[in-house]
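The structure appears right after this line, and notes come after that.
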Amino acid sequence: MLELVIKGSKKYWALIIGLLIVMGIGFGFWLWQLSFGLGITGMSRDVSWGFYIAQFTFLVGVAAGGVMVVLPYYLHDYKAFGRITILGEFLAIAAVIMCLLFIIADLGYPMRALNVLLYPTPGSVLFWDMIVLNVYLLLNIVVGWNVLEAERNGIPYPGWVKVLAIFSIVWAPLIHTVTAYLYCGLPGRGFWLTAILAPRFLASAFAAGPALLILLCLIIRRVTKFDPGREQIQSLAKIVAYAITINVFFFLCEIFVVFYSRIPSHMDHIRYLFFGLHGHGVLVPWMWTSISLMVVAIGLLVVPVTRKNEAVLAVACVAVFIGTWIDKGMGMISGGFVPNPLHHVVEYTPTIPEIIITLGVWATGFFILTLLYKIAVSVKEEVSEV
Amino acid sequence: MRLNDLLEQKKAAIIKEWFNLIVNSYPSDTAYFLKKQKDHFANPVGTTILHSLKPLFDEILNGMDHKAIVSYLDPMIRIRAVQVMFSPSQAVAFIFSLKKAVRSNLKKRENQDDHIINELIIFESKIDEVGLMAFDIFMKCREQVYKLKANGERNRVFRAFQRAGLVYEIPDGKRPGVMNVLKSSNTAVAPLDDRVD
Amino acid sequence: MINPNSKERALELGHKPPKTDWMDTPTVYKEGIYCYAAKPARLEYVSLPNPRDWSCTAEDWQLPENWKEIILEGMKERLEKYRTFKIFMDICVRCGACADKCHFFIGTGDPKNMPVLRAELIRSVYRGEFTTAGKILGRIGGGRKLTLDVLKEWWYYLFQCTECRRCSVFCPYGIDTAEITIIGRELLNLIGLNIDWIAAPVAFCYRTGNHMGIQPHAYVDMLDFFTDEIENVTGVRCQQTFNKKGADILFITPSGDVFGDPGTYTCMGYMIVIHYLREVYGLDITWSTYASEGGNFGLFTSHEMMKRLNAKMYAEAKRLGVKWILGGECGHMWRVINQYMDTMNGPADFLEEPVNPITGTKFENAKTTKMVHITEFLSDLIIHGKLNLDPNRNDRLKNTFHDSCNPARAMGILEEPRYVIKSVCNNFYEMPRNTIREQTFCCGCGSGLNAGEDMELRLAGGMPRGNAVQYVHNKHGVNNLICMCAIDRAVLPACMGYWAPEVDVSGINELVANALILPGEKEKTVNLRDEPIWPKDVEPDEFYKRPSFPGR
Amino acid sequence: MNDKNKIIIGLILFFVFMTLPFWYNMGKAAPVPETKLTEKAKLAKECVKPKEVMRAEHMQLLDTWRDSVVRDADRVYINEKGKKFGMSLSTGDDSCMGCHSNKADFCDKCHNYASVREYCWDCHIEPPEPPKEKK
Amino acid sequence: MENSRRSFLKLAGISALGLGTKPVLNAFASEEHKAEIQKKPEALKAKRWAMVIDTRKFESEEDLKPIVEACHKIHNVPEHTTKRHEIDWIWIDEFKHVFTNQEHEFVDDRVKYLPFLVLCNHCENPACVRVCPTKATFQRDDGIVLMDFHRCIGCRFCMAACPYGSRSFNFRDPRPFIKEENKEFPTRMRGVVEKCNFCAERLAVGKKPACVEASNGAIAFGDLYDSDSEVRELLKNNYTIRRKLELGAGPAIYYIV
Amino acid sequence: MNQKYMYSLIAVIVLILIAYVGVEAAGLQVLFGIILPYIAVLIFIAGFVYRVMDWASSPVPFSIPSTCGQQKTLSWIKHDKIDNPTTTTGVIIRMMLEILLFRSLFRNTKFALNEGPKISYVWEKWLWLVSLAFHYSFLVVLIRHLRFFLEPVPVWLQWLEEVDTFFQLGLPGLFLTGAILLGATTFLFLRRIYLPEMRYISLAADYFPLFLIISIAITGILMRYFTKVYIVGVKELAIGLASFHPTIPDGIGVLFYIHLLLVSVFFAYFPFSKLMHMPGIFLSPTRNLANNTRFKRHINPWNYPVETHTYEEYEDEFREKMIGAGLPVEKELPVVEKE
């Protein structure tokens, strides 16, 4: 099937080459980071995780969100999603690969990355995160590839693939739960130290993942002969609507607990994010944007009329995606570190090299996604033609 | 009905053994390929058998629908009908090895139960019936091959000649013996032979 | 379905003795697999060595006493003459990529039909007789001596290869088993070992100009008869010219189309097209009775024989003084034209560089060979709107297209036929992608194996193709298999009859002729096969009322 | 078809590459680095283990040493002959570099020769070159 | 004949496996018997090391600076010019930052403006050890939370986990920022985390931590489980506080206020 | 028990034993360290040149490329310039794809029969992937070994080593290519053993190079990571060989001589084995020729005239009938006088 990626239109090749250029630039900056150290980023002693880990966290969500099309198909026999499960699985592959790349980019000494395997430490959540992510990646590759190949050859996929598919459904929430546990088990970081972090992560994941999927479906419909289907898109939209609503609800729960209990070490972080603390507040406009986007999106998604209008739906999905991206990709990590354990406010803004490397990883992800979707869509086109 | 339940229960084991027996009945050169095959590679015969056994078994067990059985048997036998390594008996023998597979999967106690034995006799007669159907299919395929062999090419050329009026049909009521007199005094076809490319 | 794990365990229970090494597995001649030996008259006529009455199942093959020397000497000579042969003897790593690409292996399951092993039959002798290491190490080095048993094995398996080259597409080194088979058969011919189905057409072709042995007057008679047939259907008399000096173009097609159904309909197709071009554009295309054969069974005999038979094409073109040559639908004919003709019998400097006189298109790709494929010619005419076509007249047919091996893998003519087909019919469906274009499956009967006595082999070899046709038949109701090779047209009906009943076989030009609106034709209700032109389940009135129906 | 020239050019290119070692050295063997010992090392006569073992396995020894020093605070190594050594690369007189204080001559020469880049010195500070050894 | 050939092959097979490994095995075998690894006899030992900082003995930052310097100097801690890249093993901060939850409006002025020494707490239940995916941060039997710089992959999970902000990361090569190198102690490389090690390297050779030595008796260091130790004496006689007790980490640094 | 691989396995074991006994017992370091490597290189070069020139001496009488795409034809039909090349550039690209990316193997499918029965042809990726991994890591390993032959070691070589040991795994750092090489050869071996059709077609000559390479890899890995050899001595020996000042330094373990003997055998064996597929692929006429014979004449150097059935002979035989059928003839019928 791989041969399908080398046959494409001019636009396809332009996209591929464009992404390769961004990847190349990102890689160049990463080499610089490798030789200089993480000092080229905006991270500091006080905010020791930054953009990379934030992207990682967000993308774990996107990866896990892919399951929302796989689950109804395999567990509830919702046939309509059979058409697009592959898109969810391939999105998950690209997202997990980006996650792993962000981890690599964030490591101070990536050459020793394999120490995690050499000295396995079951007590460390990071160890488990490494396992769940890699297994999820493998599951999606194997399931996605085999199902697609079987479809292409017009034969039923092997029985064991279904077992793995169901396994991957269980696995998807796991990757985001374990990722949440990275944060919510840490003492002295009041912002993260909350049991609802994992549910919140999942809710935003099941909003952001399918929202991106809807957007991708709409793009695919425009640029290829394969139509993922109106019913499929509407079903996904409902999932996004529920998930984003629950996400905001969870957030409000958090707000209530924090502000009603008035425990400073929990309160200060949220105050910093939304109102600024001690005169520092770079993230304030961002956070309000995020909240507004999510609220607007809820409005657009819950009302059937707007949801059923695909143009409006696209806007709502963009709102969900950007809203959750700001929430997790910017607020979640910085918010946890500011103020620091000694209650100093040291702010963090990513530097240009950091952003370029980040873009490089995103480009890599979209590169992989493009190739995988090219394969999937070509097969779909082929199957419907022959 | 008790036998049917038993067979239903032990279906996987019986089919497994059935396949095993089939494979072992092949000429060694082929059996080697059938037996060692890890994926679907190797001989189509092996895979075809593998894929057809279960529905066939189900049909013998529950339906005995003639049409369905023929549809499962046909692909298996059609391939073997042109694979000259099989003798006709070999080509259909595999049906009967199901008997052995069934018996060896029944426990001693079950084998002595009169009720079951009676049912078993009925079941085995169904297998015989399927065997006979297999033979019919085999013969049909062979006949088809021979028909193609004997007539196919010649007919086509002959028809063309006939249409071209190069051949005289014997008019009704005339004395047999004066056959196929060519139209022109010159032989239209060079005396070597009648070959098509 | 039995789950794969339990299957494996079940398999281990078997206690078959270990199988023998392939070198130790004796060759048993099976009825239905081999073809009959060549009769002495054929060999004598074209002065091939050792003509005699013999049978391949007999113990004694009546070989010359020094047969071994002849073969080894022949091998040595060919190793020096053909780099292909030498390289292909040396560089195979037995990676197995070719193994399941051969239709005969898939169909018969005989391991020696794996291309690699077919080549190893000769390679082992090469190692054992020509290389030092092979001579010293013997069996361990994979070498063996040439013995009578080995020779019999060669004969059996070299005539189970249709030289279709499918394996060569997948070989990482481009090893072409066809080339090995060709040279292997050439060696066998040195001591008079050939099959009659090849030797006879060779002799016929040499003498009468065509495989059928049709003498000139009968050839003309046959086409005259077709003229009547066409008149019955169209009301137009498509009179052809023969051996006409000073014609624009010489047309050469395989003679199989002249005397064998369903090729005859393709032949009528050519005649209608030729007539149309003469009537509408004044183009003068003539047939030849001397070069009345496009096919070349010399390719299946020896390079020299191929050259001897092929020489007639240029000779006749030169004698008639035509501008260039137009070639009909044929498989190996085009392999010979594309890859051998100019090298062997060229340069054809007495001809002009082919130009389509109607459209002015230069056939750049045929500049020196000066021979144009009819689908190239037709595509050019169609795209310039020079043919008045009504594709609805082929609505009865749901078509698929079988790429013939040689045009696909020794020439690469893939799009032209598809363009022509899609222009003349409304229903066209491709077979699964790994069975078409350069990966197309052989009909199972190429390279002279289309005899009657090896029907089992042919049907087994045709199984992959049959399976693919059956697939589109089930899926789209395909009922017509189009091919552009005379052997295909001769043998695929039998193959389809066995594997995909209800599917007919036709050539491209038959469909073109059905769709072509001739000047002065009568209201057409039947096609060349005398079948109504509307689909089976559609009433004629309804058919003509269809909105898609143009200007009727 | 005459392609012999192309084939010969290809062959020549291939063999120029394959015989690169011969061209590169131009028939002259580069001098083999000799491990120079400091006076102190010469006096000590023997190292932790026999010369052959040290030569081939010093990196593994250091690897195990660093684990026991860092993780178990075990800092003294008593070899088979009962001689004590400080289990340290560069700390103390009884450490490796305490004796072999001529890193350039003792370590670098061979490492460069064999193209083995050690990353010890990314952290450990190399001892100053003893002035008397320098010439 | 057949038999002898087989046994020859068997022998060959065995020797093929054992080939070349023999001399090495010998070397290691003898080492196992004779060679030994020991602690230095003069090494200081304890069941659980702890530190008591008597803040009463300090008045201004000037009193603390030499202590910080002493530590940073012997441990080759770089002085980065960029604030972001700062590395601290021990440093100075105000009461309200050091004891974030104990600060109130009416706190005693002395305490309010008194500089405090902050360093790794060498917790009883260290979160940093828990989260480290490679065991690069580990806890010794004597309670010291230590780092194996050779093993650290620079994931900085420990920095997020430490509730005391005691850890620093080498955002770039520290060497150019070390004014005067202590040859006895390694520097770090870019990309690893570092922190106070309770002068484990000094304890091993029988010396007390550098800060203790430099504090003129204001910092006491000793075994928490030795009832006769100086730290126990101080704890018995003074009211001490520790940082963020509510997190349950069990810090081993006690402050006398 | 498969005799064919046993022969090869025993051959390799015997080689190992020869080196072991020769060095350990007989002290033949000079033989194994100097004489045999020189002989091996000589055989390699001479044999390689001989074989390639031998191939070159046979002409390519006909242009018979396998065409795997649309031919060059009418201007509006898209020509597949790579899989059916008509120009030298096209051929070069096709060859590059073949040699650098194993284009044909990439196309490989696996035949499978499914329920129905329905035949499917599934992309067979593993052979392609593993072959690529094998050949590339082998190349890198080979280049890396130049560090023993070049002094000073060039910077690019150090970079290569740096990249190859990117992950600090073990001491000294694990060369990834070495591990991949061993893994890939093991896969290729297991494939020959476990796939029935592979087992059937494999010869001793297929197993021997595999065992040889596996043994070379294992001895190399052993020397680097497990039972060390004296590396400076190794380089001294290597440089000595390369500069024609051969020496045998003391203290190099026997494992090295085993490694060296295996490598020498590999080189000496190369020209006489299937390993010649390396140069062979460059000369393969089905891949390195352009499909342009209809517009550019291909010359067969030994083209010779043949006997044909001329039109005159043909007309002589059929003249009467031709005239009867109204066909034009060159010569009229002779007037036959009636007696």
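Things worth noting here:
Labels for the chains are A, B, C, D, E and F, by order of writing; each one numbers its residues from 1.
Just so we're on the same page, contacts are C-beta pairs under 8 Å (C-beta built on N, C-alpha and C of every residue); 3 or more make two chains touch, one makes a residue touch a chain.
Fair warning: this is a prediction, and the values are worked out from it, not measured in the lab.
When you average the Cα atoms of each chain and compare centres, the chain farthest from chain D turns out to be B. Distance from the centre of chain F peaks at E, each centre being the average of the chain's Cα atoms.
Comparing per-chain C-alpha centres with the mean over every protein C-alpha atom, the closest match is chain F. Between D-F and A-E, more C-beta contact pairs join the chains of A-E. Rounded to a whole number, the gap between the C-alpha centres of chain A and chain F is 45 angstrom. Averaging C-alpha coordinates per chain places the centre of chain C 69 Å away from that of chain D. Inter-chain centre distance (chain B to chain E, centres taken as mean C-alpha positions): 81 Å.
For this pair, chain A with chain D, the centres built from the Cα atoms lie 47 Å apart.
Chain E has residues 23-24, 189 in contact with two or more other chains. The multi-chain contact residues of chain D, meaning those touching 2 or more other chains, are 52, 57, 119. In chain C, the residues touching two or more other chains are 1, 3, 19, 100, 106, 111, 207-208, 215, 217, 221, 432, 471.
Residues 1-4, 7-8, 10-11, 14-15, 18-22, 24-30, 32-33, 52, 55-57, 59-60, 63, 110, 112-117, 119 of chain D touch chain F in their complex. On the chain F side of its complex with chain C, the touching residues are 3-4, 7, 51, 54-64, 66-74, 76-78, 80, 83-84, 86, 98, 102, 104-105, 107-111, 115, 117-121, 124, 127, 131, 191, 195, 197-198, 200-206, 272-274, 276-277, 280-281, 283-287, 291, 293-300, 302-303, 306-311, 314-315, 317-318, 321-322, 324-328. Listed in rising order, the residues of chain E touching chain D in the complex are 23-24, 27, 30-31, 33-40, 43, 76, 138, 140, 146, 148-150, 181-189, 200-201, 203-205.
Residue ranges on chain D touching chain E, taken from their complex, read 49-50, 52-53, 57, 66-68, 70-71, 73-80, 87, 90-92, 119, 122-125, 127-128. Chain F makes touch with chain A in their complex at residues 106-107, 112, 114-115, 118, 120-123, 125, 166-169.
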